Every structure is written in structure tokens, then in C-alpha cells.
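Structures incoming, each one as C-alpha cells.
In what comes next, chain A is part of two complexes: it sits with chain B in the first one and with chain C in the second one.
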Partner chain A sequence: MNSTFILFCRREWQLLFRNTANLVQPLCFFVIITLLFPFSLPLENELLSRIGGGVIWVSAVLAILMSLDAMFKADYNDGALEQWLMHPRSLPIAMLAKVFIHWVATGLLLTLFSPVLSMAFRIPTDQIWVLFIGLLLGTPSLSLIGAIGAALTVSLHRGGVLLAVIILPLYIPILIFGAGMITQSSLGASIDSQVYALIAILTLAITLTPFAIAGALRITIE
Partner chain B sequence: MIDSQKAKEVLLQAQELACTRGDRRLFESLEFSLSEAECLHVIGSNGSGKTSLLRIIAGINHPTKGRITWSGKPVLNNHSSDTEFLANLAYLGHKDGLKNELTSVENLSFYRRLENTFDPNQIDRDLAQMGILEHADISVGKLSFGQRRRLAFARLLRSEFKLWILDEPFTGVDAEGRELIEQICLEHLATSGAIILTNHQSLEGSSLAPHLSELRL
Partner chain C sequence: MKFLSTIWQFLNRSFFRLGSPREFYKISNYVTPVFGLLFLVLTLIGSYNALFVAPADYQQGDSYRILFVHVPSAWLSLFIYIVMASAAAIGLIWRMKMAYIVAICSAPIGATFTAIALATGSLWGAPIWGTWWEWDARLTSELILLFIYFGVMALYYAFEERTTAERAMAVLAVVGIVIVPIIHYSVEWWSSLHQGATVFREGGPAMPPSMLKPLLYNALGFTFFYGYILFLRARNMVLDNERKSKWVQELVNKEHNKEAH
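Moving on to the complex of A and B:
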């Protein structure tokens, strides 16, 4: 019970429910942005269901981006980051746990809500599954990669824009494969290649980004 | 005094330590050593690099130059991987590392679990010693600054920490709190621990005086 990963997961989980804004805000943002599209676009049957998957993906990316700024802010402001930096326990593992809980609170929650939103776009059932799997595999990478940017900008007062400029270009590959899956399946083609690509990106992200996050924090907190 | 110091083991030694912030040189060729049961008071004006020095020793910042040894063994240049050294020290800076949303007990339990010394009864005893046991289940955000400070000190009450690094430990605490902090510092020194601290006022008149040595930046 005393592994670094579990300890940090427990702590982040506890904090999540003490400060529910972090849980509710990204989800509300995601739902509202997504629902603006059916209201504003012309009511052609085909159009909404064709663009729906892409719209949900972009909204998910933006919602996660919005939540990144707060990821390390509180820990930076109250000095908890300093304590971890000088702790004998592994900083990368601790940060991996932190990002994991962040993903549960944002990416996973958005993924679970995506089938409901798909209905507003009249996306066919088989494609809802494709969207769901895509988000499930893609959003953890979004959190992990985004955490590097969050770590780099943690000491800045208004780092939000800089964070977006650093991170959004890195999100493009995930967006291409994730949204591409839906187009591909609507044409009746196999989505295996996209699934493999997303799994490959996720594997790389899980193994490499914790070290990048830890390194970024060490540089930033001087 | 000198004789009694000689018998004590030298814990920490700094050689040729230098630190530059941007273009400003804060200090260079700084040398000092710290023995068991010694309290090193770092003195300097605002911006003279006191906090930087403390953070360098704690491994949060890196010195521009120089070497630190712990119990005779050089601390790795890449401090952060020197777990043996890091396990020996506790750093308490301007920010206390406590979470507003969690209660005193939860905050303390998290750190004790990280350090593998979790014991609920011990946590109660530590809180009682710092006089904040009645606030044990209140979220830290609702504590006053002085109470927060006491909680931060409760975290240090562990024999595994041989070296306490305290940045302005007496800021914001009342006379009673100050006495309490001095008391636990004395107990720590009595169990052959060591302390490095900064403070704006002189500590000559305090109960720490017999253990005190000074370092001017």
C-alpha cells in the first residue's frame, strides 16, 4: 500500500472530491462546446453526423487543454512540489500517478459522456463505438503530453496561452488518428491502423513523458 | 565549547559553493561545515541569497559551482538521485507544502506514508505536542497562519530527519508558538540532529544560543 504510485493516486483522488471545480469545469466546457454545433449549423441530416466525430474530438482536446493549467498550479503555490522535488521517492512515478488521476477526472469522464453527445449529432451506433474507443485510447496521451507543458509553464502567472501554443501542435497526431478513425469507419474501411497508432503513441507517452514532466519541473522550480 | 564540538561528527560540509541568479552573483567560494547538535544561523540582508543557499542544500536548486558532502561522502552533483542524503533532510520554506483542502491529519498522514513511518497514534501525539490536536480534523485552509506553521513543524518531528533546513521559521508565529518551535528545535539538537536556519532577528538571546554558530553571506 505504500508504493509511490498508489500513495499519490490516493492523495489526488482525495483532493479531486474536495475541490470539485476541477472535476466539473472541463466536463461542462466539453458538453457546451459540443452542443453549440448542432444549434449553429444548417439542419442537413448528413452534415451533422459527418462532422460530429471531429467536433467531439476537438471539444475534448480543448476541454483537456483548459484543465491543464491548474494541474500543477496548486502544488506549486503551496510548496508541495518543492517537497516532492527533494523527496527520495521517484518524482516521475509520482507525476505519472498525478497525471493518471487527472485523466480519470477529465479524459475518462469526457469519453464516458461522448456517446450521449453523439446522439445530438445523429452519429450511427457503430461509429459511436469507434469514437468511444478512439477517445479512450487518445485522451490519456493528451493528459500525459499536456502535463509536460503544464510543468514548463507552472511558474508563469498567465501561462495559459503559452501552454496552448506549446501543446496544441503536439496534439495534432492524436487528433489525426482519433478523428481519422471515424471517417475511416464511415467509409466501411478497417480502423486497425489508427487503433495501433493510438496505442503506440500512448505506450510512448506512458514510458517517456513522466521523465520529461519531472525534468521540466526541476528546471522550472528554481 | 570548542572541545565539546570536536567530539561531534561533522554532518554537512560545503566547499567552494557559488550561486548566480541571472547576472547577479549571490555568493561565491562559500565554505562551512555543520556538526551534530549544531544550529547554523545564516545571516544576510534581503536578497543576499539565504533562501537560495538553503534550497541548494535541500537539492531543489543547483549551485553554479561547489561541492557538498554529507557524513564525509560527497553528495551527488545531481542531488535528486542521492536518495540516501535526501532521506536525512527536511526542508521547510516560505511555502509549507500543506494542502488547504485536506485536514491536518490527512496532510500529515500523506507525508508520513511517503516516508514509510505512518502511525496514527504517533500523528496524534505529534499534533498534541504542537498544540493543534483540537484542529486535527479541520481542513488546513481554515487554520490560522500560526496554526499552519505549527502543523508544518509537526511534520519534522521524526528521528529520521537528521538535518532540518528552516527558512524563516519564526515568521508569523506568536510568542507561545515561537517558544514551542525553539523547544522542538532544542530537542532535535539534543538527539544529535542539526539545523540550518535563516532569521531576521538575532538568535543570541534565544534558548538556541548555546548551539548556535553563524554564517554571514
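Moving on to the complex of A and C:
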């Protein structure tokens, strides 16, 4: 394995547990957004179980979006980012490691927690699995694509809203496939095509976005 | 082979000549009015034929005539995005000032054509489909395109430093290109309310020549309109960006003297 990748994974992993707020906040946000829906809708179990999958997907997208803003901020403020840009180590590989650990702390955690929420929404057991697999395949792409936006807006003081404007349109295709899986399986249809589409997006994202992230960082940090 | 290499060198030189703002400004003095004229002539011929010569549709009656605005706008919304993303890529690769200007000047024009395509589509859908809006693949992906245009513009205007803004915008424009094939194939990949490709398809267009001709005239006319507006905007931006350079100040002085006489 590439030593840069391992090195950066270890660094990010350590930083993650130095400040556990980064670990807890996206998860709390995810759960709270999801809980807003039962409060705002008529309390019918049938309705909740029908929309539950979509609600959990939207909440996951929003939770990841919220966590993106902080992705490069600390490293930008303390100057670590500039050091990496000058360092001869491969920046795309380093960024891939950074996004990977970011995904473990947000996307993977949300995915592992999603069955609990699914049960609260009374989603049938077989569809809980569909939702779980969809989130597992979709959230890494969300982190990778979002990291491009985070890199582009890292030097801006109020990048948060702008980040949402530039990144959410790019999230929509993933949301369509991910949430589409649940609709398909509730109708008893095959979910193969959506799974393949999510895997295709993920493959492209892993291979291409690290270069875009590195390029964006080189542009915005002068 | 020598012949080919001469042509290649000529193309190469003219490509990089266009890359200089001053040369672009000189060339645009002649090109801009030509584009404007071509737009006017082609769109007038196209629209006359569309409104008075083309027959009414046997099912939709006269309401189908909005097609002559809707389809060229929809084509252009994608075409302009491809131009914008290509220009952005050229700018990132060759560090070419003009390429960034072309990219950022294209964004609002593309957004406008996307909005026109959505609005006319919805006006057309109301009587024919019986609905203003349907959450259908073609319509939704076109709406995403509109928001990507907005994102590109918002990112450009968020930076104070122009060179940073140009390059950041260019990265986003290149990344957003993934939406273009999704829109194009949306009618084939998902069963959709929107009809499939009618003009560019295997076995030729499924449309009589009397309808196809005005459509193509309008499409070409709209494209020249895009070129016309793009050149006007790019000229302004060149002058603004280069306002401290000598040639712009000479130009301003010359205009000023002309007015004084």
C-alpha cells in the first residue's frame, strides 16, 4: 500500500479522536433532521414507512454537506495545508486518505446508524438492507464530490451557503439512484441497475476527484 | 505531411493569438457584427417559416409551434455548457486569460437559455401533457443544469482576487460536465413523459422537412445569438480586466477625442 495514504489516514484518525465533536455532531444533526419529519407530518405509520427511506437519504446528504465546511478549515487556518502543497508527497493520494477518514467519521457512521432510524420509521426489514447498501455505496461519493467544493471554498470567510449551492446540484444524481433503490424494492422490482449506477459513480469518484481536490486546493491557496 | 504541419502551425498560432485579450478585441470588432447579422437573418427566416409556412400538427394543432423556441433553447443550454467547460479546461491547462473570459461570460447566457427551455417546456406541457411540471428525468436534469450554472456564477463572484475566481470557477465548470450526458440520455435511460430524440436519431429525423427546416434555421440563428452576446460580454470584460494596460487607455483616449470633435 502507498505509504502516503497510510500516513495520512493515521494522522486524520488521530485528529478525529482528539476532538470527538467532529464525530458526534454530524450524527446528531442526521438524527435530528430525520426526527423533524414525523413531527411535521400526520402521524400515520403507513405514510412514515413509505417516505422513511427518502427522508433518511435527504438527512444523510444534509449531514454530510454540513460536515464539509470544516473538512479543510482547521488545516487551512493552522497552515498545515500550505505545507502539504509544498511537500513532494502526492497531494491527490493524501487528499484521498483525508476524505476516506472523513467518510468513516460521517458517511459510514450514518450508514451504521441508519437501521435504527429505519426501524423507528417502520420500514420493512428487507428494505432496511436496501437502504443500508445504498447509503454504504452512495455516501463515499458524497464525501469525495463534496471535498471538491470544500477545497474550492476553503479560503472564503462565508463559504457555507456557497458550498451548498455549488455541491447540492452534483449530489442530486446520487440521491436519485440511492432513494430510487428503495422505491424500486418496495414495488418488488430489481435494484441491480441502481446498485451498478452507484458503484459506477463511486469508481469514477475515487479515481478522478482526488485530482480535482488537489487542483482546487492549489488554486484557492496562494 | 509538410502541408499538414503548415496548417497545424497556422491553427496553433491563431489559437494562441485569440488567447491574447488585445488580439481578441481587434478580431471581435469584425466578428461581433457578423454574428449579430447572421442571428437576425437566420432567426427571421426561421421564425417566418415556423409561424406561417410550417403546417399545423395533426394532433397538437398550432400549440406545437412553441417547439421552434423550446428545442433550440434546450440544445443551446447543453451546447453552451460544453463550450463553457471546454473553455474552462483550456484555461486551466494553458493558463489562457481569454479562455476564462469566454467561460465566465457563457454562464449567464447558458443559464438564460436553460430557463427559457424550462419555461417554454412548461407552457407547452400545460395544454398537451395536462401538467405544468412533472418530476420526470429530462425535466429534473435540466433543472439541475440551471442550478449548476448558478453555482458556477456564484463561485466566480465570491472571490475578490480575479485570477483565483477564474480558476476556481473553471474547476467547478469542468466537474459539472457530468450532467450533460445525463440530460442527453435521460429520455433513453428512464422511461419519461418527455419524448425521445426526434431530430438526431438513427434513420434520420422523424419530422417532415417543412417543420425541420425552420427548426434548424432557428437553432443556427440562436447559436449565432449566443456568439453575438458572448462577444459583446467578452469585449466588455476584456476592457474591464485590462483597463490598466496601455492599449485600452489609448483606445479610450481615441474614443474620447472622437466625441470631442
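One rule holds for everything that comes next: the second predicted complex is superposed on the first by the 220 of 222 C-alpha atoms of A that agree within 3 Å, B and C clash if a C-alpha of one lies under 4 Å from a C-alpha of the other, contacts with A are read in each partner's own complex, and residues count from 1 in each chain.
The rule is simple: contacts are C-beta pairs under 8 Å (C-beta built on N, C-alpha and C of every residue); 3 or more make two chains touch, one makes a residue touch a chain.
Since this is a predicted model, take the numbers as computed values, not measurements.
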Touched partner set for A:Leu91, first chain B, second chain C, both or neither: first
First, second, both or neither for A:Ala212, with chain B first and chain C second: second
Touching partner for A:Arg122 - first (chain B), second (chain C), both, neither: neither
Chain B versus chain C as contact partner of A:Thr220, first or second or both or neither: second
Contacts of A:Ile166 with chain B and chain C, given as first, second, both or neither: second
Partner chain in contact with A:Leu152 - chain B first, chain C second, else both or neither: second
Doubly contacted residues of chain A, that is, touched by chain B and again by chain C: 222
List of chain B residues in touch with chain A within their complex: 55, 58-62, 79-80, 83-84, 86-87, 89, 91, 93-102, 106, 110-111, 113-114, 116, 118, 139
Chain B contact footprint on chain A (complex, rising order): 2, 4, 7, 11, 14-15, 18-19, 74, 77-80, 82-83, 85-89, 91, 218, 221-222
Residue ranges of chain C touching chain A (in the complex, touch as defined): 92, 140, 144, 147-148, 150-152, 154-155, 158-159, 161, 164, 167-168, 171-172, 174-176, 178-179, 182
Residues of chain A defined as touching chain C within the complex: 145, 148-149, 152-153, 155-156, 159, 162, 165-170, 172-173, 176, 212, 215-216, 219-220, 222
